[in-house]
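Below is one structure, written out as structure tokens; the observations come after it.
The chains carry the letters A, B and C, assigned in the order they are written, with residues numbered from 1 in each.
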Amino acid sequence: GMAARGGFFLSLLNYKTEKYVIAENRKIGILFRLYQLAVLGYIIGWVFVAKKGYQEKEEAIQTSVFTKLKGVALTNDSNKGLHLWGAEDYVIPPNGEQVFFVVTNYIETPNQRLGFCPEVSLRTSCNNIFTITYLNAVVYSCGMNVVKGNLPHCVCLITTAAYVLMCLLSFREPLLSAAENFTVYIKNFIRFPKFDFSKSNVLETAEANYLKNCTYDSETHPYCPIFHLGNLVSWTGSDFQEMAVKGGSVGILIEWKCDLDKDYSLCNPQYSFTRLDININNSVTSGYNFRYAKHFKDPKGESFRTLYKVYGIRFDIMVNGQAGKFSIVPTIIALGSGIALLGAVSKVSFYRERKFEIINFK
Amino acid sequence: GMAARGGFFLSLLNYKTEKYVIAENRKIGILFRLYQLAVLGYIIGWVFVAKKGYQEKEEAIQTSVFTKLKGVALTNDSNKGLHLWGAEDYVIPPNGEQVFFVVTNYIETPNQRLGFCPEVSLRTSCNNIFTITYLNAVVYSCGMNVVKGNLPHCVCLITTAAYVLMCLLSFREPLLSAAENFTVYIKNFIRFPKFDFSKSNVLETAEANYLKNCTYDSETHPYCPIFHLGNLVSWTGSDFQEMAVKGGSVGILIEWKCDLDKDYSLCNPQYSFTRLDININNSVTSGYNFRYAKHFKDPKGESFRTLYKVYGIRFDIMVNGQAGKFSIVPTIIALGSGIALLGAVSKVSFYRERKFEIINFK
Amino acid sequence: GMAARGGFFLSLLNYKTEKYVIAENRKIGILFRLYQLAVLGYIIGWVFVAKKGYQEKEEAIQTSVFTKLKGVALTNDSNKGLHLWGAEDYVIPPNGEQVFFVVTNYIETPNQRLGFCPEVSLRTSCNNIFTITYLNAVVYSCGMNVVKGNLPHCVCLITTAAYVLMCLLSFREPLLSAAENFTVYIKNFIRFPKFDFSKSNVLETAEANYLKNCTYDSETHPYCPIFHLGNLVSWTGSDFQEMAVKGGSVGILIEWKCDLDKDYSLCNPQYSFTRLDININNSVTSGYNFRYAKHFKDPKGESFRTLYKVYGIRFDIMVNGQAGKFSIVPTIIALGSGIALLGAVSKVSFYRERKFEIINFK
């Protein structure tokens, strides 16, 4: 009893070393050492140095972006005459969102009034391409100005519910070609919730004057948050003036790769730029446009509208990031499995050369 | 010195094999083999085949979505008469965003003018439900048209700063019931930054005609990016016409599960649909509506407005994805810990049957 | 042949136990046991209990947010007189988005007409700060009302394309100081795609009345989804009235940390609040404002506009979350590497004390 238990506890305080058989076989020996070196090299060199296996990773980034455009354009439309475009006109929506659209071209159909589709006027005023025309269909007129001006090309489309009279004007060069010289200021605030680390792409160190005058350039000004629209497009390998005609879509990728074991100031964004409406051959996806209307009322209280079909470039700011910081769990896991590998060979290999003693339980 | 070191280096080139004791005990032997088989089966079958343990995973997906709606509706309002609705009218905002709202019903309060709340007119023109009325409160009138038309139901709300005169019209069936047949074209561009892999849900292979005519269906057209609004709602288990009255919110989930070890063409989106304003019993969250105003000026330069309370369906496109690609680190870790398990038993178990030699250090 | 194979299979059914050498050295023994205890303690205590190493983690959260503001403000502008602000006026955009802007201050330039920049009128009507003035530059006039009212401060800016006449009014206290008492209702729907788990921040249990009257407070009402704007700002450590003058940006962080092995009702959001335009010293980033215009036409069909420069607070709702659920793979990996560590010492340490037998292969 007593003695036995005592002996057990003593034995617990012993440690065991294995009894080994040395085979003086150089070849296998060298192979074996090489294997161990390889595993050690992998653990230290690859898992720890290259892949930072000792770090806990965070990929779920919190991000907030706001944008502000600067620049003025003057358009000279044959129908409308001179028109001045400020940011309040060419940025849609105007409230500085992460995804914004810059008008580079447009078709205006002013003074549309809701009325009925008169067969005659259709025939005469807009040689419609349909053989049959629809009497008493509800339509928007093409608007006096346009009809008075150079005669538009009209079609009477049939839909399930009603008929819409659309007025298409033949295309010219982009009206807002000056948009190439607009600039956009991008403020991006990010946070890694797991580490409660937050930063902005606008360097606190930089003084206001620098930010007022700089424009981003990957070499000279990598941390300036002000971008020249023409550059943004050209960096995607496209031509601004060409894209401006039918519109397009550009992605601005902001990537934060932060090693939080290093200094705060070393966690900085990387910008890259890509075109999002890539498959050019596909007419459905190439270009970017949409319609919107401004509504008015005449002195009699009758409402009319001016319809705009705007073509332009949609900028889509996409932020992603990854932060790493030392943590015990991944370290242990990487270590543990590495050690297991170190031991693997001696356990599985060279079965043949093992020496045995036979013992019988009976 | 010399010799000793030489001997040490020689010994380094040796390898050790352990000396084993074989217990001819079948039962334990079988158990032991079964355990090893189980572990092997787990490592190969589960970790590697099922869970793709050899792959590095990426869950932080970059995504850009834009949408375009098609369809025309004709409404016939007792007060307003016929009205034609194009995408520029019923999509809010009109610029093709990831989250968009389609008007299915609305209450219009035309020609509101800012004025003072005359006790009398309140009493007469809109039998208000408050016992006390507020003299000289700043209010928006209910608008001539409405008052001339069927008399509205008015209330004079008290707030901290001012009093608002709201005009409620009794509900009818959704005015834009035709919205059920609208279609939305959804373009989704995604990128897995870790692998620099990008793709769009609009198949490059598909020719323009296909995309012009198809509508999505999980069986027949799983990769057509054009969706029928009626279907979208019905797939969430709701009835469009019913939802159209008070509005609602629908989530369109696009899921990208890509095995980048396989071919590019096999990485395709999976669509699913869910209703986001689920808890019907809760009056606060069921339905979806908001107010906006169109502003006008009369010949005298006095401003007035038309207030719209629009009910409709908000579509919220949510994209998530996961990409996997072979990588050495997770492979090693899975292997290592697996091997460790293989070895585990032989190390911990059968303490009892161990044989010992006693050696004394002195 | 036969016999040999038979013998091999028999040997497979044997199991091996290692032959050990016991060193009766208490010191090393104690050290060795302590090491093993430490490793065991780490595996059980840290990896499993604290870090939940047995769980599969999901950080890619799907989220949908919509917002609705309540409150009315009355402004009294020296030029414009009384004006009543409803949500349809002060929330931009009005359609309940995740990122919304609340107007707290504004500069109105009514009745701007596009015209040419007459040197004289510039000199007289708005003592411009430029020495040279530009004849026949296309400009927006400062608008009758303003000129008739207290004379504004005007500058004629030169740009690449055109000249813009901007009308700056000296600042006063925020016009919509009442915005402090507005409330915002935030509905957040989330989903963890990996576990197909979805929930909303609006508790199904809460009855409508509670949600109509409560306001969020971290102590008393942690799950009420209605927030008082004044509180939101004060919780970021800023003063609302001060921020309201030049605008600002506030982040509302909603964090979902869910242990899906526990009950559904225990998965609840955590709200926190932070100011996003932090670097005050930097004039470029402090404050938040943008311009937009309302367009009108006079009886002659000539268009004019009212330009608004709105200052206000942008609220940016950022949602992140992490869900964990038991899964066999991480469990095995944690276990495996732990066991490997347990075995590590006995393999690597105490090389010195090993006993050897020499055998020669020849």
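Please note the rule applied: contacts are C-beta pairs under 8 Å (C-beta built on N, C-alpha and C of every residue); 3 or more make two chains touch, one makes a residue touch a chain.
In this text the structure is predicted, and so the values were computed from the model without any measurement.
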When chain B is superposed on chain C by its C-alpha atoms, the rotation angle in degrees, nearest 5: 120
Residue-number overlap at the chain A/chain B interface, same or different (half cut): different
Centre distance in Å when chain A and chain B are each reduced to the mean of their C-alpha atoms: 17
For chain B, residues contacting two or more additional chains: 18-25, 59-60, 93, 296, 299, 333-334, 336-337, 339-340, 343, 353, 355, 357
Complex contact set, residues of chain A against chain B: 18-26, 28-30, 32-33, 42, 46-47, 51, 53, 59-61, 92-93, 99, 101, 114, 138-140, 159-162, 164, 249, 251, 253, 255, 274, 276-279, 281-285, 288, 290-293, 295-297, 299, 301, 307, 314, 316, 318, 320-322, 333-334, 336-341, 343-344, 346-347, 350, 353-361
Touching residues on chain A, where the partner in the complex is chain C: 11-25, 59-60, 62-64, 66, 68, 71-74, 82-84, 86-89, 93-98, 111, 178, 181, 185, 187, 189, 191, 193-194, 198, 200, 202, 204, 206-208, 211-212, 294, 296, 298-299, 328-329, 332-337, 339-340, 342-343, 353, 355, 357
